[in-house]
């Protein structure tokens, strides 16, 4: 920290913004800034290394990301091989299935909620669903839930649902067709859980959610190198991280997009550094948390990483052609 | 909103604070203020009506409340009959069990996490646990997890654990002895889940978490009047609210203590008003959200409500003696 | 961090909450907890040491604390000698003056703002003011603003205003009568500023706000020991801290009550630790930030500290009687 | 809200993200989403209409935006005529002047602050400044502060400073050369204030900050149509909005980028809707708040708007050529 050292430090590069610039150019320009801008640039670097390297890639997805319009992004990441393990909430899967029937509606966050109820509308901030859509969801679910006399794991159950959803943008359908396991530890805490309970009143269904623990722990055992992208926090974050805990491995790369803060002590807002004390992240891990709305920061990050992947592939193409 | 109306409005009563004042006096003084102060005062009024009325009282507990020192408060609420249904996270139950062995440690949120790992310490913000404590936890768990060849519901499983914990301040033990059901929808997303997985490698265990859906929905069906105290958000909040959804009933009273905000669209930060659009809360419900750290606001609220309950009982005693 | 050391660490003391307990008992019970509870308990310890010791006591007040009902608390702190220097926003002083005319009104944060305008009401979250009150404010101000042909400092100007306000709970009046300087660096950014501009259209007024810099720096030069209570952030926080910067001294005790967070890089959310790098706080300073709503946390903190002060005085009384 | 109406509602358009996409394409794709994504898309629409229409364009800048790398963006907006009135904090101007001498340094937000002090470094989250830079700042300031025996307004003083800064990317220099007034109501609450105090110990300087009130109110009187971009909150937000209050006009377009929330009642987090109750915004105003880090959201928004402006100009060019 002597005078000499400051001269060796990197300096802030004031950002230049231009008409027509690409997302990747914007993110690169953010790389020389402070605060959230440089964190976003770091997140892109880390996520890029994760998807281009031979990491087992976890994706922990919470928050109402599907109703808000992030469904195709997740499906695309699966399709492109950028997600090896998806851990998510029941709600995101419920809304993924609903989207395969009909789209969500855009409303106002300031509507009178009692009026919405009168009108048969349920609100998720500024996104609405009609009662009719829930009826259609129920009809579909009662038709596609698989009967099981013997215990079935949550992941197997979700793949079976996925195989019965006819929508190429469906996260569940894409995960099934790409053979990417989907973990939903709180599956019963969702309308899928309620539908399964309804289904079971007349047909056999035995969900063995403990089998999922074995399954994800096995994946963690095989994952000598692992990285994780965490959108939100909650159960998906915790389940992904805790599963690594019982293996000799840990995560070497991690990105977290969150609006939560560490000071209240909850897991959703916990720093990724805290995960090092548990041995979930390597003490040498590269990690960054980007604070803000994931419906802005996730698309930004993914657009930049996709651009870099394509550039990399083009370069490889060129170099091969040169051979 | 005419000139007349403003004259009819309540005015802000500037708060007076005195040496030696009681928590209840403080909260009453907050009642004439704006912002969070009046919300806290409202929360006390609503919670008081909930516990003194014939409501089915739900308590949704998330966040690392047990490691932070809120365990006795929850156990006391159960013991006093102020909780009829507890919905919580695996983490709070894990730390409840650990506390029955040895206490958590107080550290700094700014410790170097790699050093903590070297020292065998896992950090939850400023609370630490040693590896030794996790080993003791494992020893205990492997001894008390009940073997089950037939499927067992999560609530029955948790009551069995509770019956084997010898600690009058334990949430699980108190819930069991008071016959208060404990729901933990994401049970597998916790060290209890990991211990159950370990246990099952050599002994039979069949957890039927779908049975919990039936059980809580049955409670909701019987609950003609229902109130809920929500600490944090996450799965406990959603599971409590969604279970009411499939019944003809809804919640008439609700209090939420949270640090989260609605703008990012997640369920944890969603307004209680939003739950009206879903039919989870009555359109006539009385409800309030108090923003801030629950380790401050929960004790404040409970101390005030306990005071009022005791005053009520004293009054009833006196009036009976007069008869 | 070896095994031995954890045995030497303090353990979490689970909080017990009792009917009828005092605020001070509650805060003491929080002292053994984690997260915000222990920070609040620390804040009380630090503030107690500040007011009982021979520190120059700064109080930086931002946020709409007066409209929300915190006016009497601040006035009381001045009256009891617990504030030596008050640094605040124009808004708090405007609302202090308005309260000396008529009280603010309590409304709803969800009112339709266009309707409020129609009704002649201005909203500060859930606190309303009528246009009539602003007219009364203007009338009062045009009568009490002192004419000055020669430059007058902001603090002198504010004391003159204070001397003309007839309300023992007024912050300005109390500060004047107790000879506590009031600094308001952004005085022109308030309705006092607008009234002064109006006044000057017909009468002479020369405000010399640079003179305030000299005045506060002089206080800092004389303050060999200094402590600060920061409510909110903004200009009052910065002006207090920067003034110490040009002296050989710094703050040894500091408490900050805020809802803001460090990650966005703004001064309001900056950690107190950051102020050490600037030399504003001593490297040996004791300091703590309590996150949450100051309309809850400030009364809590003040009630506890007043209790301890009174106990201390009683003890001294007793010990004197014993002599 | 009947069944018919939901069919008429807009539906969520799930976002598609592609390699190589431009910032503007990304923002347009966000337009069909919920939560923050659609707010950002709305902000771009509103800001676009503001800069392309004949609005008087206010820009209220707070937060440490210059140290974080946003300086060139603001300078560019001034140069392109997209800012008619700049209202900002002393800190942003101080760091603008420092950048004209030497760049800020990028460090870590987790450095030990006592070590930084030893090393002569002051920290703003993850941006550092050396003591040497402050000495250079002092040298420069003492050379360029203009002596004034007669009162000088804050804006005139700042233009004089700007005229003596030789850096085309300087906000102050650009504002001066483009004749854009710069208001800094809390000028004394900054190192410019401290330098002015120092300067005045040997030379005459009379700052008349009340004159700025007259000046901005005059601008507001002339502004029949007005729009405002608010970055952060604080004094710049309040001063801009309050100045409109005393005129017959109000703002018709408003965008706010903030990390703050309404619940704590402070002005920085207040909704723009609240400003309607005061008459600062028109009841028919179009406005939106985007929650998140402005070092991410401001560049995003500006890059999209610049692209649209250029497209508009190209179209006009083409249409002219066709004539």
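Read from first to last, the chains carry the letters A, B, C and D; within each, the first residue is number 1.
Assume contacts are C-beta pairs under 8 Å (C-beta built on N, C-alpha and C of every residue); 3 or more make two chains touch, one makes a residue touch a chain.
Keep in mind it's a predicted model, so treat the numbers as computed, not measured.
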In the touch network of chains, how many steps separate subunit B from subunit C on the shortest route?
1
Relative to subunit D, chain with the most remote C-alpha centre:
B
Where the centres are mean C-alpha positions, what is the separation of subunit A from subunit C, in Å?
43
Report the inter-centroid distance (CA atoms only) between subunit A and subunit B in whole Å.
28
Multi-chain contacts in subunit A: which residues touch at least two other chains?
34-36, 64, 67-68, 116, 121, 124-127, 259, 261, 263-265, 291, 293-295
Can the chain contact pattern be summarised as a line, a ring, a star, a complete graph, or none of these (other)?
complete
Quick one: in the complex, what on subunit D touches subunit C?
62-64, 67-68, 91, 109, 111, 113-114, 116-117, 121-127, 151, 185-191, 193-194, 196-197, 200, 205-210, 212-214, 217, 232, 234-235, 238-239, 242, 245-246, 259-270, 273-279, 283, 293-295
Sort out for me which residues of subunit A touch subunit D in the complex.
1-3, 5-6, 9-24, 26, 29-30, 32-38, 40, 64, 67-73, 76, 99, 103-107, 115-116, 118-121, 124-128, 130, 132, 169, 259, 290-297, 299-300, 302-303, 306-307, 309-310
Contact footprint of subunit C on subunit A as seen in their complex
34-36, 261, 263-265, 291
